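Report on the structure given below.
All chains are identified by letter, namely A, B, C and D, in their written order; residue positions are counted from 1 within each chain.
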Amino acid sequence: MSLSSLQLCLLFSSALFCLGLMAALSRSNTILVLLGVELMLNAANVNFIAFWRYGPNPEAATGVVFVLFAIAVAAAEAAVGLALVIAIYRHQKNIRLQEATRLKG
Amino acid sequence: MMALILIALVTLASAAAAMLLRNLIHSALLLTASWAGLAAFYLWAGAEFVAFAQVLVYVGAISMVVLFAVLLTRPPQPMPVTPPNTLGRALVALITGGAVLGVFIGAIVSSPLPATAAPAPTVSVKQLGLELAGRHAGALLIVGALLTVALLGAVVLAATDREPVGASLDDVRGRPPGTPLQKSGDAP
Amino acid sequence: MNADSILERGPLLVRDWLVSFLPEPARWLAGSLLAITAVIVAFASLFALLTLIERKVLARVQNRPGPNRVGIPLTKIRLFGLGQPLADGIKMLTKEDIVPRSADRVLHFLAPVALLAFAILTFAVIPFGRHLVPVELEAGVLYFFAAGAATELAVFMAGWASRNKYSLLAAMRALAQLISYELPLLLSVVPVVMLAGTLSTTGIVERQGGWTFGLLPQWHVFTPWGAAGFAIFFVAALAESNRSPFDLPEAESELIAGHLTEYSGFKYALFFMAEYFGMCALCGMGVTLFLGGWQAPLSFLAFIPSYIWFGAKLMTLLLAFMWVRATLPRLRIDQLTRLAWKFLVPLALVNLGVAAFWSLSADWTGAVRLTRWLIAAMLLAGPFVLLGRKLTAGLAPRIYRYAT
Amino acid sequence: MLGSGLLSGLAVTAKNLVGSFHDPARLTTVEYPEQQAKLPEAYRNFPFLVSENATDPMGTLRCVACQICEKECPPQCIYIEKSKDKKPDATGKLQLYPAIFDIDTSVCMSCQICVEVCPFEAIKMDQVFAIATTDRFDALLLKREQLAKPNAYYHTIHPTEAAEVDARLATERKAAAEKAAAAAAAKAAAPKPPAPPPAA
């Protein structure tokens, strides 16, 4: 069985997605969970680029534009997420996710 | 093809190592390497602009934020590892991840995807700019608003509740030069 | 002015002649390697020369002669101290390379290498002459700043891997500084990209060609927004390259030597080199964006090859860096960040608006052009004065009671 | 306005930068091996022995090996051995002279006490500029020959002081000569001594 380039790209992105998923599910450190989510976003970006590259009408550049937006949103997500991590740290003196159970500050 | 496989392997390996290591700084740095690998992938695919944006945003900015967060949130003592809990979670994660990966692989291999490697499409920066400012202008505005709000939100969240340190300094700075620090009051 | 004169194409002809000895498949690779080697060799020797020139300039500013002893070894010939860089180099290379016991050995080793690699990468898109640009990229400016942004990572690695509290503190400071000043740096470049309509460095230089009244150049720095942008770029570039007065990361009075504390010998030399490379790259970018790149300053001087003009402008800018270093004392960290966020960033945003006005009023003709110039200048001068007043509020000139 | 201070500062340094090239008076650096800083007249360190002339330093030392300085030297860095014979000094009077006169400059602390106590103006403070040697022991132990320097040298390093010393010595010698002349005249007036001294 031979794989085409597109299939390779998709396999790459799904592997990346699953890595991020596993990290987000298994690690107890909030920062690493955030980074796992970040990896999943990146995997989605890889898909966009792959389908733009091998898709039927690459001249539309929609995939590229979408990735640019995704990067911007991911940057916002990372900034807010890490600010949340710091806020959690100030309240409970560590950043273990399973201990962040209180809604009151 | 070979280049793609190489890039994918390096990216996946560094991402996997980042997710497995206990040292958070090493994790963050390895993750940065994997982000750089993604930029290499974008370059390979012909999306120059996206690759540079990826490096600028991820390697230049997000990695810094992550490193700052790691250094600002070091626990006073090493976190105690609770094996049963961790093991269970790891097992659940492994099973879920493996299942999702299996579904993905099955779907990818069995779908009738266009197998022809078309000549690499190029999108000029000008074209991209016109797209962004034309068809996607609304989205661009929304993203701008989102980034501004996110910036403000992050500042508010991360800001400490303490009195601003600069307050007392400002009092000192505000006085005309040569006057004593405290008002002399009614002293003769 | 002959764009294809033999002098203008000289370096390319030499390259083609050298490459012609090789079989066809290897030519492309050999050509690229030659270009890389040329850039690295040129800037490595410029680095060696700069270390000497900098010490000379600093000395002259303090009314000292500066290093003038080392010339040709084993003779009495001194050559104004031109052998000094060689002597320094030998000293650096033969020094013991110390790695702290608790350091993170891999990262400790990788940090200087990464820093130098990223610094060299930034040279790839700078047009050194009319035909001399290592890589012709459509998004060249973006590439430059992406590669430049990655140096922050190397600084962090150096600070963290040393396992020294001063190194770590300095690395964090360096990061805060680099991130703060990345913003005005990029914002000062945006008007140029906006007005030139391209992200390609060669395109930006070519757009600054042409002569007013057939004599004066049309560089960006001679427009109101260009002058303001250049000033902001200059200040931000000083901070980005850790130069005085923004050399807080290595403030030796507070932080020993910052992230370089635990480095010695060859690795220290690499850091030093990377710092100068970064400075050269930023100056080269400043020349490209604002000072007309390789364009001649007056129309009748255009017969001199373009790369000589680029080199002259680069040296001028580097000398300006040294001049500033010789003059201004180091800032405090709060002053540093306040300058970036409360002065440079708002001013750069105002400048963006002025550039938009300039672009919209491009079709004004005749005497109205002067009005356009004046309006743009006023639009910048007002915010400058207001922001400056805000920045320096309450800071009266210091009164020295006991000094005469 | 913001920036005016920066500009005036830059103007100052630019003036220095340009000025140091066309105005040599700005460059105060003394480039040592070729040039040497002019030491102030009052500068003094390490003693030397004064001799009357440069042609025969050993023959015309003012030192009469009285050993007062050797005894007074706080770190005891002077070592003197008296000669067995006598030589005429500047006035022609027969005097002892130091057969050995060593100063260990690694011990000497330049306190000038030897100079203060010397009744013959024979030891004076020097102005040694480069005091480094390649050898810790012998090169720092100065012999009589190394220590002896002519009076003319003394005049170059401490002109005022040397002039005073010379004037004082001249008056002393004149007084001594007059006294000798008077004594000789008295002797001549007196009856001839039984045995005249042998001709020198």
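Just so it is clear, a residue touches a chain if its C-beta (ideal position, glycine included) is under 8 Å from a C-beta of that chain, and two chains touch if they have at least 3 such contacts.
Everything numeric in this text was worked out from a predicted model, so none of it was measured.
Chemist: Could you tell me which two chains share the largest number of C-beta contact pairs?
Modeler: Ranked by contacting C-beta pairs, first place goes to A-B.
Chemist: Farthest from chain C in C-alpha centre terms, which chain would that be?
Modeler: D
Chemist: CA centre of chain B versus CA centre of chain D: separation in Å?
Modeler: 79
Chemist: Once you find the CA centre of chain B and the CA centre of chain C, what distance in Å lies between them?
Modeler: 27
Chemist: Please report how many Å separate the Cα centroid of chain A from that of chain B, as a whole number.
Modeler: That gives a centre separation of 9 Å.
Chemist: Cα centroid separation between chain A and chain C, in whole Å?
Modeler: It comes to 35 Å between the two C-alpha centres.
Chemist: Pull out every residue in chain B that's touching 2 or more other chains.
Modeler: Answer for chain B, listing residues that touch two or more other chains: 49, 53, 61, 68.
Chemist: Name the graph shape formed by the protein chains and their touching pairs; answer line, ring, star, complete or other.
Modeler: line
Chemist: Can you name every pair of chains that touch?
Modeler: Inter-chain contacts occur between A-B, B-C, C-D.
Chemist: Touching chain C in the complex: which residues of chain B?
Modeler: Contacts found on chain B: 25, 29, 32, 36, 48-49, 52-53, 55-56, 59-61, 63-64, 67-68, 71, 124-126, 166, 170, 173-178.
Chemist: Residue numbers of chain B touching chain A in their complex, please.
Modeler: For this pair, the touching residues of chain B are 1, 4-5, 8, 11-12, 15-16, 18-19, 24, 27-28, 31, 34-35, 38, 41-42, 45-47, 49-50, 53-54, 57-58, 61-62, 65-66, 68-70, 72-73, 75-76, 79, 85-86, 89-90, 92-94, 96-98, 100-101, 104-105, 108-109, 113-118, 120-121, 123, 127-128, 131-132, 136, 139, 143, 146-147, 150-151, 153-155, 157-158, 160.
Chemist: Given the complex with chain B, which residues does chain C contribute to the contact?
Modeler: 107, 137-139, 142-143, 145-147, 149-150, 152-153, 156-157, 160, 168, 172, 175, 179, 182, 197-200, 334, 393-399
Chemist: Quick check: in the complex, which residue numbers of chain A touch chain B?
Modeler: So the residues of chain A touching chain B come out as 1, 3-12, 14-23, 25-29, 31-32, 35-36, 38-39, 42, 45-46, 49-50, 52-56, 58-59, 61-62, 64-65, 67-69, 71-80, 82-87, 89-90, 93-96, 98.
Chemist: Which positions of chain D touch chain C when the two form their complex?
Modeler: Going through chain D, the ones touching chain C are 1-3, 5-6, 9-10, 12-14, 16-17, 19-21, 26-29, 31.
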